[in-house]
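Two complexes are shown next, each including subunit A; its partner changes from subunit B in the first to subunit C in the second.
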Partner chain A sequence: MATELGPTPVKEPVSGGTPIHHAPKGVGEDNAIASQGRWAAWLLAPTILALAIVIVYPIISAVIMSFQQDAGLDPATGLFTEGGPAGFSNYTNWIFQQCAAPGGGTVACPPGTLGAQFWSATGTTFFFTIVTVTLETVLGFWMAVIMARTFKGRSLVRAAVLVPWAIPTAVTAKLWLFIFAFEGIGNKLFSTTILWTGSEWPARWAVIIADVWKTTPFMALLILAGLQMIPAEVYEAAKVDGASAWQRFRMITLPLVKPALMVAILFRTLDALRMFDLPYILTGGANNTTTLSILVINQIRQGFNAAAALSTITFIIIFLVAFIFVRFLGANVVEQSGATGRGKK
Partner chain B sequence: MKTPKFLLPVATAGVLALTLSACGGGGGTTSSGGGDAAQGLDGRGPITYVQGKDNSNVIRPLIEKWNAAHPNEKVTFKEQTDNADQQHDDLVQHFQAKDANYDVASVDVVWTAEFAAKGWLQPLKDKMALDTSAMLKPTVEAASYKGTLYAVPESSDGGILYYRKDLVPTAPKTWAEMMSMCSIATANNMGCYAGQFKKYEGLTVNASEAINSAGGAVLDKDGKPSLNTPEAKAGLENLTKAYAGGQIPKEGITFQEEESRQAFQDGKLLFLRNWPYVYNLATTEGSSKVKDVLGMAALPGLTGPGSSSLGGHSAAVSVYSKNKATALDFLKFLTTEETQKFFATQGSLAPVLGKLYDDKDLVAKLPYLPVLKTSIENAVPRPVTPFYPAVTKAIQENAYSAIKGEKTAETALSDMQKSIESASAGQ
Partner chain C sequence: MTAATTAATELRAEQDRGRKTAQNREKLASGRTYISAAVILIWCLAPAYWMVVTAFRDVGFTYDTSVFPTHITLDNFKTAFDTSFGNHFGQALINSLFIGSVVTIVSLLIGVFAAYALARLNFRFKYLVLGFILGASMFPGVALITPLFQLFTNIGWIGTYQALIIPNISFVLPLTVYTMTSFFREMPWELEESARVDGCTQGQAFRKVIMPLAAPAIFTTAILAFISSWNEFLIASQLSSDATQPVTVAIASFAGAQPNQVPYTAIMAAGTIVTIPLVILVLVFQRKIVAGLTAGAVK
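And then the complex of A and B:
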């Protein structure tokens, strides 16, 4: 991570709209470009093949599975039999919270089935995402601004901040489980008797606190990288013009760090929408902390095909969120390094 | 102009796709194992035994012993993780792939019906039959599905009521008696009773025990849910009333096995429902405050001993195995008196052979055996159903709400009933 510290040289945007290629240009440029393209294709081929195997294939097979019925029990033999094609019923069952009825057909899912939890899990997932990402952005920004300053022991702080992020999430969850235990240090320290994992709002806050603790450093470092891109001269110029600290923050820091910030928020949002380990270990999904991912995992044990439908729904939800980010909020994953490049013509 | 714009959606899709592929794993569905079950019955040769992590080094010495005696039919040990869910998923994947190398597998009692209904387990009848008459009956029931034995009980487990000998003169035999002793707990400024009431598998164990001990049943003889009964209601209400009344301390709903053991060892509980493993720790750990005052009894029931939920593992032969004759011999080897004794002494695993519970040497080493025998003899297997994952979720979800007082025991039971009916109806 952040190894090269200190003021980073600003990339001067190439004027005149020349493509940003690092290859030398010269005689026979067209030829070179053509052969370069072929080369590129060959060099990319292994990666694309690997992606096809590990990403495209599972997605397609999951989608195909989601249109199959789960195996049903043959009452005569007591053995499971293939379900056959299901059409969209796996999807509609989730969305309208319909479950199989004993006599055939469907009924509204009774409490205690996974089907009855779809909308509450969706709500919980978004609740966690919005709250944690907001908190992490604010705290991460604050940490980044501090870390961007020059002070003694700065590298140590930067390294130390990474520790929570470096701990595997499952371990983090276990640590916080001990802290939030009834006899745990959390209650001892503040002389409280809160059932952290046993009642609704404390359980939610337990998950949020653990998640914020873990991922704020990630936010902070991405934002810090963005801050480093802002040349010191801009601030000097603003100071000379008499801009106050608040004005410098609002008119220079914020707009210039925005591309990096948006990417950081996008990554965190996508990550938070898939949240699984923390609530699974901390609460087991009790007290309204069941996220969509937990629901998928629980459903896998009860029937693959309905689980495939649910993971496809989750995928579509996350995809839509990412699309909105990229399309309307200007999060630009690919060009994030050219932070100062945009807007200048 | 800039870097190719088309890369952007591709990259975004890539990032997102990872989310899906992480979830969409596993695939394929069932196929009936009709043909496979008839194959390899006389096959002899090397086999593999699959089991979760061998924490107390029980299986390796046994396999060495077997291998020394059977040089041409060696057993290889495939060790899984120590997480039950992961063991389950690993077995499912290998059975689905019809892996002939998973010859004999150690199966948790609650998975037997599911695996049997998927057609993955060799029915232990005709050529594959073996004698189970010396085994405790509930363990055999838990290894059977629709009247056919699909696995042989390997180790067992049952709940025990631990109590404070110094404060309670005689152990309570019934739930009502135990509740009446709670005044002792109040006088000593401690909690009265706890089991495992966090929303996880342990809650299924505890809630089923409450229902069974009061004369109810989660499933009837035909595997249909039977929860809308006065007995089941009385059973669940024992828990809900005790929680509302403070006999179960409020932190009880965050307890798993370890938290409840810790509370008991710290002197914060008068009665504790837990597994036999607590005995060793509570009597030897330095910090334990109950070392010399640890009493053990069968779980309290309606008029006599209650019905414990049954734990433990069974050994099953895969239908895809090529050497089933060897596999059967190995199953018999796992259940000999000698092996079972070794399980008990080396690994503190409860034997499945009834007579070992009266073995003097063994009882001297493991003083909880007589109590455990009563517990297992009265035990009821957790619902034996191929839909166990859905059934256990239905029980947990609703029992948890009922204990917390969010719904009445009656509503919780009727919701459980409907959920289980819906799960068993298939899609």
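And then the complex of A and C:
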């Protein structure tokens, strides 16, 4: 009896020190799960091991490094400082912008040093994230709604949106740098004479426009996949009941597409928070377009350990945002089921 | 009674009216759909078009802003491969192909087992493992670069291929597992059991039934993995040398004859070379790729 239950591996009778009684059903299932668990462990081992080596080890290593002092010439004092435990000084260097003072102790980091740029880089990163993700969500939603309709040439549009996505970010950055060149097509088309990469706001908008161009398709495709999960009958029924287009959008489309939309927004947000390629190539981080990732890269050659502290801070920030998002998502699921309850009346 | 019939006729008349306005509205809506579709097409394709037009434009007319191709030449492609200004684009192409292939193959070889386990088996901590892998794919590259930079400096790996391949696997492997898991979940696994019933061994069932079914999913995942590795810039910009740099780094640091003049036409030519194969690949396998990209997000 027990052998008929579930896909038990062939070798089980051999390994069995346990006598085969007429096992009750539940125990048989437990065995099946346990043997599947063993299988799963073997199958997952290479992936887990690989990720442990390439991700977990560097994280732990970065955290250890962040509490060490950088050996070398102190940029502030010109004196040679030795390595050794640093306590939280690498973190205070960034968060409180305290640099080592010539006579020991700390002073506020002078303007121009990397330490003085932490909060502005954080601000820039969040500014980019909020603006690009908002624009991408709105534009992506619009694109998805259009692509979900049936019309001649729909497959052409669906293919076209994949083009920006397929172009490597480094190429995208150079392309938009060329479009935003002073004598470039951007200024020509809009009859403007803006030095796009020359001052703060044009430079920021150049990065935002390029990023929105590159990543909106991804958003649109994710939302489109969500839209296609909604059965057409629901809309038909709503139409028969006399719901207007806006009502159908607000009462049917939005709530039903919400799970897919939230996942898309989460993915894009986490991606935007680590933005590097685009501003690094497009503006070089000049004119207040330095993101946290760029700041880490700039710091690496001045001192590993301070860079490790900053990358740990960046990691924690991204982790916190992801955590808030997931909690927020969970809250929304509850809210959604509540809303349908209220809708019934 | 009469009141009821009047009400019925009124209702019918109203329905007729409603149908007519609905038809009109549909016509209007389809017109608007086409306009919107055209806007999307232009927005997505115009910058890419501009890259190609510039790539074929004579360097003396770099800033020509006529919309149609003018001063057509192939010189820019020659300049792109020219090594006399310290560019290594040809080598970079080979490097990118090599790094991308190794990363894709290794990630698939390791990831396919994990994806099978996650899609097919029941075990404890399944969601913990899935969460870990998903979290890994969202991991910021800068958090890896600092310790790796120091480690690779200490063991003399800066500028080697392995220094580029190993961190790349950390980005590509989670993506591979995640995409393949959602593909595998949708496969008709009953067929495996029916093959067993029909007298196949487990190995035969896997080879003759499951492999052919899984092949498209694995192939699509391979394309996505390759593209993601091909696009990698952050790690490569810090850990590569002139001999091992991939195309993204080569294009980002492309130098011209004069140090203060950016050779845009040559850069656009290089960009076109890097992009066209990807675009063709993506367009040919469009359906599969969209399915792979959105896999998991909607379930």
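Throughout what follows, the second predicted complex is superposed on the first by the 289 of 345 C-alpha atoms of A that agree within 3 Å, B and C clash if a C-alpha of one lies under 4 Å from a C-alpha of the other, contacts with A are read in each partner's own complex, and residues count from 1 in each chain.
Quick note on the criterion: a residue touches a chain if its C-beta (ideal position, glycine included) is under 8 Å from a C-beta of that chain, and two chains touch if they have at least 3 such contacts.
Here the structure is a predicted model, which is why all the values come from computation and not from measurement.
Partners subunit B and subunit C, once the complexes are superposed on subunit A, run into each other and clash. Contacts of A:68 after superposition: subunit B is touched, whereas subunit C is not reached. In the superposition on chain A, A:215 makes contact with neither subunit B nor subunit C. Of the two partner chains placed by superposition, only subunit C is touched by A:174; subunit B is not. Of the two partner chains, neither subunit B nor subunit C is touched by A:253.
In the superposition on chain A, A:113 makes contact with subunit B only, while subunit C stays out of contact range.
By the document's definition of touching, of the two partners only subunit B reaches A:89; subunit C does not. By the touch criterion stated above, A:270 is placed in contact with subunit B and with subunit C alike. In the superposed model, A:164 makes contact with subunit C only, not with subunit B.
Once chain A of one complex is fitted onto chain A of the other, the partner contacts of A:137 are absent, as it touches neither subunit B nor subunit C. Common to the subunit B and subunit C interfaces on subunit A are residues 51, 54-55, 58-59, 61-62, 65, 181, 183, 270, 273-274, 293, 296-297, 300, 304, 307-308, 311-312, 314-315, 318, 322. Residues 1-3, 7-8, 11-32, 85, 88-89, 116-119, 145-146, 198-200, 250-251, 253-254, 259, 262-263, 266, 386-387, 389-390, 393-395, 397-398, 400-401, 415-416, 418-419, 421-427 of subunit B are the ones that touch subunit A when the two sit in their complex.
Subunit A contributes residues 17, 19-20, 51, 54-56, 58-59, 61-62, 65, 68-73, 77-83, 86, 89-90, 93, 99-104, 107, 109-115, 181-183, 195-198, 270, 273-274, 283-286, 293, 296-298, 300-308, 311-312, 314-315, 318-319, 322-323, 326, 332-335, 338, 341 to its touches with subunit B in the complex.
Subunit C makes touch with subunit A in their complex at residues 30, 33-34, 36-37, 40-41, 43-45, 47-48, 50-51, 54, 63, 65, 110-111, 113-114, 116-118, 121-124, 126, 129, 132-133, 135-136, 138-151, 166-167, 169-170, 173-174, 177, 227, 230-231, 233-234, 237-238, 247-249, 251-252, 254, 262, 264, 267-268, 271, 274-275, 278-279, 281-283, 286, 289-290, 293-294, 297-298. Considering their complex, residues 32-33, 36-37, 39-44, 46-48, 50-51, 53-55, 57-59, 61-62, 65, 142-143, 146-147, 149, 151, 153-171, 173-179, 181, 183-185, 188-189, 213, 217-218, 221-222, 224-226, 229, 259-260, 263-264, 267, 270-271, 273-274, 276-277, 280-281, 292-293, 296-297, 300, 304, 307-308, 311-312, 314-315, 318, 322 of subunit A touch subunit C.
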